[in-house]
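Shared between the two complexes below is chain A, which has chain B as its partner in the first and chain C in the second.
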Partner chain A sequence: MATPSSAEHRRPARTLHRFANPGQFLRLSGKITPWLFWIGGLVTVGSLTWGLFFAPDDWQQGDTVRIMYVHVPFAWLASAGYFSLAVCSFSSLIWRHPLADLAAVEIGPVGAGFTAVCLATGSLWGKPTWGAWWVWDARLTSVFVLLLLYLGHIALVRAFDDPTRGYRAGAILALVGVINLPIIKFSVEWWNTLHQPASIGLTGAPTIAASMLWPLLGSAIGFTLLFAAITITRTQAAVMEQRIRSLLMAKASSMSGEESVS
Partner chain B sequence: MTRKKRRLLIFLACGIGLASATALVLSAFNDNLVFFVSPSDLAKTASAKTAGREVRLGGLVERGTVEKSSAGLAGVRFSVTDGSASVPVEFKGILPDLFREGQGVVILGHQQPDGVFHASEVLAKHDETYMPKEVADALKKSGRWNPADGPPPPASTWTQSAKQTR
Partner chain C sequence: MRIFWAVLSRDLRLSMRHGADTLAALLFFMVTASLFPLAIGPAPDTLGRIAPGIVWVCALLAALLPLDRLFGADLEDGSLDLLMLSGLPPFGIAAAKAMSHWLVTGVPLLLAAGPVAIMLRMPEDGIPALLLGLLLGSPLLSLFGTMAASIVLGARRGGVLLPLLVLPLVTPVLIFGASAADAAAGGFSPHPHLMLLAAMLAAALPLCPLAAGAGLRGAVE
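Take a look at the complex of A and B:
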């Protein structure tokens, strides 16, 4: 064990709190991130090659349907990433996890990037199929709101001189924004939208041919692993940055202490 | 009560409040959140008040109603239906590639007093079905689906017909 805190001495490593220890996190994540990057990269490249070059054309959309192999995984990850941001914010607010604070700060920009790519590819797909780059229907608007939530979180957590206050404010914003996730998911069922309903659900058979479904699921798994790899690596960097900062602070304060004594 | 428990309770109370507030707002603005109205909705709300106002109309292009006018510019007339009501539409302009009989469309325009819907924009709304050309051809050949009639049969039944024709 690396230097366990006094709190852990009193109540020895219980359930998930074990992983909240930054030292433990660094050792574990250092082992798994190379695997995440390599497997994620290979699965993504393989599935995209399959989807873009070997999967069949759609009967009415032709080649345009291949945008799906990028758009759909990014749309899923935009929502899933926000959910992970909310989980971090929840543990930050309730249990005051220091690691959850750092992870939430690092998930934000990655999720915002994925949401932006989802919107951009959706726009590119919308023009040839629907005939419009953008419409203000419930699905498109709610995903746009998701992007604004990500951007608001990015700005808010960095807006305070005291980082802890930024973490609190960002966590509250992230948790309020969770209400948008069911709206995104069910917008296509609750209201008339130009966007079509989901083709793949937990109940019922998918309405997409198996020859297109497999490359889609493959690229979704690949991009998910890459998303995890990127956010974990960013969080590692944030932990180390914080350690260095506290070391420098300690050094600076001891030096200034010496100066004031002499 | 520990501080953690208190924070959790506050969180739950805020969550329930926020969720119910959002649900109320969304249900109150339900009419404004829909992107388009169906032909039956249009018939129901048709009155002096709504006549001439710009709305979006959505439905399927009715089978056998598409007429391209040879005279003048690229003009087209067709009917949009939701099964129970049907609205004649007039449009001058470029139709999306996916436009065909049986396709879902969303049309921006206004209804004339004579009942004809003057469209300024036609968008295609495709459904959630994705299938290769061979499957679509097999379904059409076996007579189990005509694209002009509407959405295709459920995916679980595709493989049989694909195998039959192979």
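Take a look at the complex of A and C:
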């Protein structure tokens, strides 16, 4: 974030809405996004190479454990993506933040894609280790519900002729669905699940070997940067689309105005 | 509060006058439940084992049916605008609508669930837990349903969207409701599952009408 200038010191109320200006957003994001794509891509490729070829295999699961370097970051991002969707929805409901509306609409498909990949890789991992593609334990079910919430949000925001109405409806739904996030997080502790409990936490030492932890964290950072880059690019496109639409609308209304005069 | 009762009694009177529409959800519940013995076979062991799940799923689907018209008719003829101007805050209107949905759809389902469970050869020990679970769960269905109905109000395909939004949200209700009945049928205590349902109801009772009120305000803007 830029250092606040003296003009903004005089008007502190504007600081929050500085990023609500779509032009400002396009200028800023145009500079940031290429960096996000390149750094994210390089970090992802590097960490995945490390994880897939050089990290040790598991003493029980063998090479199968390498699915983790894709599965775990995507699972984190599926939840984190929904959280960012909820934050956007919150600011769209409270402050009527116009960019938050667009960002919420664009996070939906990206988050749904990440959730779907998380479920698919989990299924591929489950077959050799559990002997089943799918089990209905609490973790898998709650992530599946997360996917359904994403899909419901995607369908809902696009179901209205008036986009503003869609933004508000989607925001309410996204905030209600937040209840699912703690359920996903704690599902492996509250219920006796086949899915393992968390190996990495904010408090306490991770119960995963450091030789596996570093490539995992690396790929998590890489995929996070890519998630951000995709979302920002989609939001840029949405801003452009909105501008084109309003230009076309202005043109159409001026043309119909001329006809009615003549 | 007086307006709340007025809105509620108006809704109840409306559904009394359209008796056939009101009974449709109940009939749907009984017909779908009776399809399972025909599809799976009438073996009492299998049927009795899955009876709680059948009753719960059918009740869930039947409760969805009237949601489309819950606010839809009021929006079309303009009475929703008048309701919003009545002085009752939007969440009050939503609460009254949820209560009318429960009284008109939830209570009949609750009454029919016992006989349907017996027809499905459910073990008798599980039936009180099933009904208690439904007693706590059906208001939850009404609350979540009202909220989703207010959100999709004015959407192009609101009727199709509604189940997509409601069903993922009510999966916890289904899970704990069905497992309470399952536990009782298997000789365990249904207590923990019922307590969790009651906790969910206590949380949804104030929060769902608030969300539904926000949806209503967006719809009439």
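By our rule, the second predicted complex is superposed on the first by the 249 of 262 C-alpha atoms of A that agree within 3 Å, B and C clash if a C-alpha of one lies under 4 Å from a C-alpha of the other, contacts with A are read in each partner's own complex, and residues count from 1 in each chain.
We adopt the following convention: contacts are C-beta pairs under 8 Å (C-beta built on N, C-alpha and C of every residue); 3 or more make two chains touch, one makes a residue touch a chain.
A quick note: this is a predicted structure, and the numbers were derived from the prediction, not measured.
Engineer: Let's test your reading of the overlay: on chain A, do chain B and chain C clash or fit side by side?
Structural biologist: They clash: once the shared chain is superposed, the two partners overlap in space.
Engineer: Per the contact definition in the header, classify A:Pro56: touching chain B only (first), chain C only (second), both, or neither.
Structural biologist: In the superposition, A:Pro56 contacts chain B only.
Engineer: Could you say whether A:Leu93 touches chain B, chain C, both of them, or neither, answering first, second, both or neither?
Structural biologist: Both partners, chain B and chain C.
Engineer: Contacts for A:Val176 in the overlay, against chain B (first) and chain C (second): which applies, first, second, both or neither?
Structural biologist: Both partners.
Engineer: Once the shared chain is lined up, is A:Val145 touching chain B (first), chain C (second), both, or neither of them?
Structural biologist: In the superposition, A:Val145 touches chain C alone.
Engineer: Is A:Arg168 touching anything from chain B or chain C once the two structures are fitted on A? First, second, both or neither.
Structural biologist: The second partner, chain C, only.
Engineer: Can you tell me whether chain B or chain C touches more residues on chain A?
Structural biologist: B
Engineer: Quick check on the superposed pair: does A:Phe160 touch chain B, chain C, both, or neither? Answer first, second, both or neither.
Structural biologist: In the superposition, A:Phe160 contacts chain C only.
Engineer: Which segment, 24-32, 114-122, 132-140 or 150-158, is the chain B region that clashes with chain C in the superposed model?
Structural biologist: Clashing stretch of chain B against chain C: 24-32.
Engineer: Going by the contact definition given at the top, which residues of chain A touch chain B in one complex and chain C in the other?
Structural biologist: 93, 175-176, 183
Engineer: Which chain A residues qualify as touching chain C in the complex?
Structural biologist: Its residues touching chain C are 93, 141, 145, 148-149, 151-152, 155-156, 159-162, 165-166, 168-169, 172-173, 175-177, 183.
Engineer: What residues on chain A touch chain B, complex-wise?
Structural biologist: It is residues 56-61, 65, 68, 90, 93-95, 128-132, 135-138, 175-176, 179, 183, 190-194, 196-199, 205-209, 211-212 of chain A that touch chain B.
Engineer: For the complex, give me every residue of chain B touching chain A.
Structural biologist: Chain B reaches chain A through residues 4, 7-8, 11, 15, 18-19, 22, 26, 30, 33-38, 58, 95-98, 100, 106, 121-137, 147, 154-156, 158.
Engineer: Contact residues on chain C for chain A in the complex?
Structural biologist: 147-148, 151-152, 154-158, 161, 164-165, 167-169, 171-172, 211, 214-215, 218-219, 221
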